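The following pair of complexes shares a single chain, subunit A, combined with subunit B in the former and subunit C in the latter.
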Partner chain A sequence: MVTSTDNFFGNSLQVHHDQVFALSNQIEKLKLTSYPSIEISNFIKELSNICGLLLKKFEGISSYSDIKLYRQTFNDLQKIVSYISQANITQHPMEVMVPAKELILKFGDETLFFTQPLWILNYAIGDVWSRFSNSINKLFPELVLDSKKKILIQFPIIHKDDVLLGCVMGHELGHYFDLHSGLNMSATLLPQLLQHENINELKNYLQLKITNTAIQLDSTQEDRLKHDLLLKILGENHLINWLKEFIADIAGILLYGPASHFSGDSIFTFSSLSENGNLTDAYSPTHPRSSIRSIVRLTTFNKLGYEQNFEPTIQDTIDVSKQKWESAQTYDSINFIDGNISNDLVYRLILQKESYRLIEEILLDNLESIIDFVIQKIPDNLHYSSITFKELVPKLSQKISNFIPPNELLNKPVDSISILNAGWHAYISYKEKLSDNLAENEQDYNIREVINNLVKKALMSAHIHRRWNDVSLNKPND
Partner chain B sequence: MLLAVDKRNDLVTPENKLERLYLIQYLMEVKESIENQTFILEEQLNTIKSFLKSGKAHYEGSFIDFPTLETAEIFSLLSRSLTTEQIVKFSIKENADYFLGLINRINSIDRTDKTTLVNFISSLINNLSVQNTETPRNFFDW
Partner chain C sequence: MMSVLTSQMIEERINLNEEDLEQKLVISPLLEKSQLNGVSIDLRLGTEFKVSIPTKSPLIGMVDEPIEQFFQTTFRSFGENFILHPNQLVLVNTFEYIRIPNDLVGMISTRSSLNRLGLNVTSLIHPGYAGTLTLQLENNGINAINLTCGMRLIQLILFSSSAVPQAYISNSVSKYISNTSPILSQINRDSDLETLKKFDASS
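Up next, the complex of A and B:
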């Protein structure tokens, strides 16, 4: 084993010390910025403390294996700092985050959300802290860390003020509840899905090649080996990835109602339109085809009783979406997943139209039970009901059509999800009315922007109103 | 993420290399204790047992959580850590059962079983050290 006696150790240590020092300087700069909540400032102080301890470590450790351990800690820390470096108040999508935070709070999770704007059309979510802090606890037991989860939400910066498109957050929260809340929905469902009979048929698309002539496989062994390999391949690739998206889509509708559908569909359509007006679709290792996801959303609507609750204009928009995805043209492609067992055997799963269909069928055959499972796992008090939609949303939408923020009904603050749905309802139903009623000197305003502004005002006002009511209710008796 | 482009990612999955390093440390300590016939901490044995049980359950269609790794990854690690002979002769579940049996009677296993177990743990350590990357392309004439 190489130890601190070799000639390069001092230099190696210095190199690492310099890197940590450079990061420490950057963290100090981040401390001077304003953030949407004091908790983010506190989190940055916590990162600064970890960096300080790392710096000290690189002044006195004595083996290369320790350098490796602390260097990995540094790499992870730097990644978190990069995530939080743009979480400042000016780039934070304040209103988009209001409903998301309310839902997490209702769930009972103590979570710090922070955002990172991106210049690509991409939403992403993840817990960047729990795993790292577990390791830090072992590394620096003297440090008392905040145990709250730290959830990063990456969002397209061009959507910062488009709260209607921000309803994609319903889908992202679906990932949160699946992967970061302890509900483990996709992990629980995956082994069951792998028992599906299509695994047998997929064996026809898995090729084995023995490269060691000493090995002979009889038909039973080959069959079992193919089965085991398929469990491995599908559990690491398409099936699990697509299942996670199914769950997030279902949860999106469950938490955000039709607004989740409209925002998702809007982005899918933007990305998929071809020159001839058709929608194009593609198989991706990470996401199911958009046309399949349309089925997922519509089946969820039916399960949740929305079918009978849409007004004709809204139903028409949903039907158009359904039809355009039904006629979408899928780009056929052939892909391979290759692997090997030692140097003795190589395998290849051929992914083409028929094998993709078999994988999709595993999910679609289980769609009803996946929806039931998600509905049952996510607590009832977080569900947005079709009855609430029917009772509140048309009335709130009418307010928007008269340029009134939809924050209250009968002097009571409205819930955030109904406000978002009212925004979409108005955008679909009253675009022309709003446009006709704009004053002459306001014709430059974009109707989308008008609705977004009214919805944003309503989200903040209703949020403050609810907080005020809560304070009044909890006020001690004089 | 929602885009209809080929390479998409809407999950921020932070690196778990540090956790892997700790898991590797556990496994190395267990391996060395078996080799040197020294005392093995109950906690370390339980870690391996939970790992194997989680992989076995995955095969059987049920879910047993293992805190630091996804169960699909555990199953994959198992499949990659078995020898060709093991994987050809028995299912991954049967292999997991076999190693669980060995660990349950760790103090009374014979030399051959001890070697098999040590080799398996070494292989697990190697595979854990390699981050799960894209599968390598086999440039064979299929």
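Up next, the complex of A and C:
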């Protein structure tokens, strides 16, 4: 006899089956689209297989707890499908990804990158696969999943064809190397930062309230507790988050050279300009103030020996950026981090101008050693050197000024990072010259677009040229 | 008097220093020196295609609708195949970026072995032109043609001429500036059209 409960169970199962079936249909449609690499097509096939198995599960589940378990898998799968649905070739920033992929390959990682365009001014990089694939392995042990890392890069769609702004990818790769490559730089550096003397001063901004009347703390115990709580709070919030950004900024310069600085500075300026022409700055739980990040980038330049290698026009542009961030006005704000330890105690860290300053100081006092650490951890063959910049970039930039893509010198392909830097160099140094070469009725043709097109062409040409040379060298003897 | 440049003369022009930009011929990148061939230089098939597609609009050409709507962009990797179907119009660029000095004129034509498959491309390259070349591919045969991105597709023949006083890039009739993608027809931007619109058909 079928009870009403049984009916409801059958109905619930059917509802879930229908949802998975609908997702399965959408995945099948994604298979018909072109992607920037065959690996993405294979990944979609893998997602399709998972969906197929999930569909079968919903034909034979016997408990509500199982429905809930597989529904969560469905939700996670749908999220990944939503990311990949926009990774097709027409929305993919092909040229922006060329240098990034080359660096990852040099590092020796086998990683599948796929991109998702966003209609907001935000870049992000993250592993969307590890946790999901682990749970899938447990649910469907019969399924053999591709072990390659799957990294999602989100980027502003308006930057798809602006390869100069796309140099922010240097910073994003910094996050990749820190968090997803096994280098674990921020996690390694954090204990050193937490030994800073400012931790003691920050105790003045941490309030405790014991809610369990049975507990009494003397001043030594309270001091110890505050110390431990601060290590936990800072290690989970502002300090670690800001450290990650410091590392990514440093790595950005190390991997992409000054192009990383110029692209980052453009984006920060765009989002910080006030009515009176000054820049405004703000404290955020996830990112350090832009004015502090300016110091990080300039100190990194210094450490890498760039300062002696910039031509006056480039140095002037960097100096203007430095000055505008030095005079940026920071919004004062008060924020709190609240928490509790069981039912025994509640705490509150007050974040205001002075306590923010103390946290920033922990990072700035360690800046030199953080830079040294990043330089030492990221393999030498990935570093972009100030000497290469000085030797190649002005010559390549000169090519751009003559409407020639900067992909080669003396018939030899040049590296992608020099090409990107040449784009910025030309944008700073030759805007007027390029403009003078266009007829009056074509002045609306954006010089920026001309440079971007030449740089994009150069990135692809040099990449293919290098591969051509590699393949030709490895030709078997007839 | 116009005369054809031999491969040796082409090579000399390519090898000029950047300081001699007025005279220098840029063809970049040249993957194989063997692309220089007698009196021509072979150019390769690029990777971005604009494929003509049917639309709701009945006409293409001197119409108000943007020409973009009549084409769909697609990409292939270097070494990947592209199938050109009979009677299909496809725009593609050359892999090489060209910059022609003001005293040279270029003519392109399909390599004869591809002509024999039913593919025919010819075009004139103006002095001072800078950019990849947009090629209009059309399959005149009855069988689909399989092309490979990066294959040698056309040959460029260069003629010396008197120097044109103004480069194409800064020429007031220029419609294609330093392009690096296949560029669709800009026929609607012809300045004559404005004059023609003022003509009263009945008079």
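Here is the rule we use: the second predicted complex is superposed on the first by the 462 of 478 C-alpha atoms of A that agree within 3 Å, B and C clash if a C-alpha of one lies under 4 Å from a C-alpha of the other, contacts with A are read in each partner's own complex, and residues count from 1 in each chain.
Here is the rule we go by: contacts are C-beta pairs under 8 Å (C-beta built on N, C-alpha and C of every residue); 3 or more make two chains touch, one makes a residue touch a chain.
From a predicted model like this one, the values you see are computed outputs, not experimental measurements.
For the composite obtained by superposing both complexes on subunit A, the positions of subunit B and subunit C are free of clash and fit together. Subunit A is touched at more residues by one of its partners, and among subunit B and subunit C that partner is B.
In the superposition on chain A, A:D228 makes contact with subunit B only, not with subunit C.
Shared-chain residue A:R71: touches no atom of subunit B or subunit C. When the shared chain is aligned, subunit C comes close enough to touch A:S34, but subunit B does not. Within the superposed three-chain model, A:N437 lies in touch with subunit C and out of touch with subunit B [touch as defined at top]. In the superposition on chain A, A:K150 makes contact with neither subunit B nor subunit C. Legend: residue contacts after superposition of the two complexes on their common chain; A:K456 is shown touching subunit C, with no touch to subunit B. Centres of mass aside, this uses C-alpha centres: at subunit A, the angle toward subunit B and subunit C in the superposed model is 150 degrees, to the nearest 10. Applying the stated contact rule after C-alpha superposition, one finds that A:M94 touches subunit C and leaves subunit B untouched. By the document's definition of touching, neither partner reaches A:K324: not subunit B, not subunit C.
Here's the short version: in the overlay, subunit B gets within 28 Å of subunit C at its closest Cα pair.
In the superposition on the C-alpha atoms of chain A, no part of subunit A is touched by subunit B in one complex and by subunit C in the other.
Note for the complex: subunit B touches subunit A at residues 1-19, 21-22, 57-63, 65, 68, 70-73, 75-76, 79-80, 83-84, 87-89, 91-92, 132, 135-138, 140, 142. Note for the complex: subunit A touches subunit C at residues 34, 89-90, 94, 395, 398-399, 402-405, 407-408, 411, 413, 437-442, 445, 450, 453-454, 456-457, 460-462, 464-465, 467-468. Touching subunit B in their complex are the following residues of subunit A: 68-69, 72-73, 75-76, 79-80, 83, 121-128, 131-132, 134-135, 138, 152, 154, 168, 171-172, 175, 179, 184, 187-188, 190-192, 194-195, 207, 209, 212, 215, 217, 221, 224-225, 227-229, 231-232, 235-236, 240, 244-245, 248, 264, 267-268, 271-272, 280-282, 284-287, 290, 336-342, 344-348.
For subunit C in complex with subunit A, the touching residues are 18, 21, 26, 28-31, 47, 73-75, 78, 95, 97, 99, 130, 132, 150, 167, 169-172, 174, 177-181.
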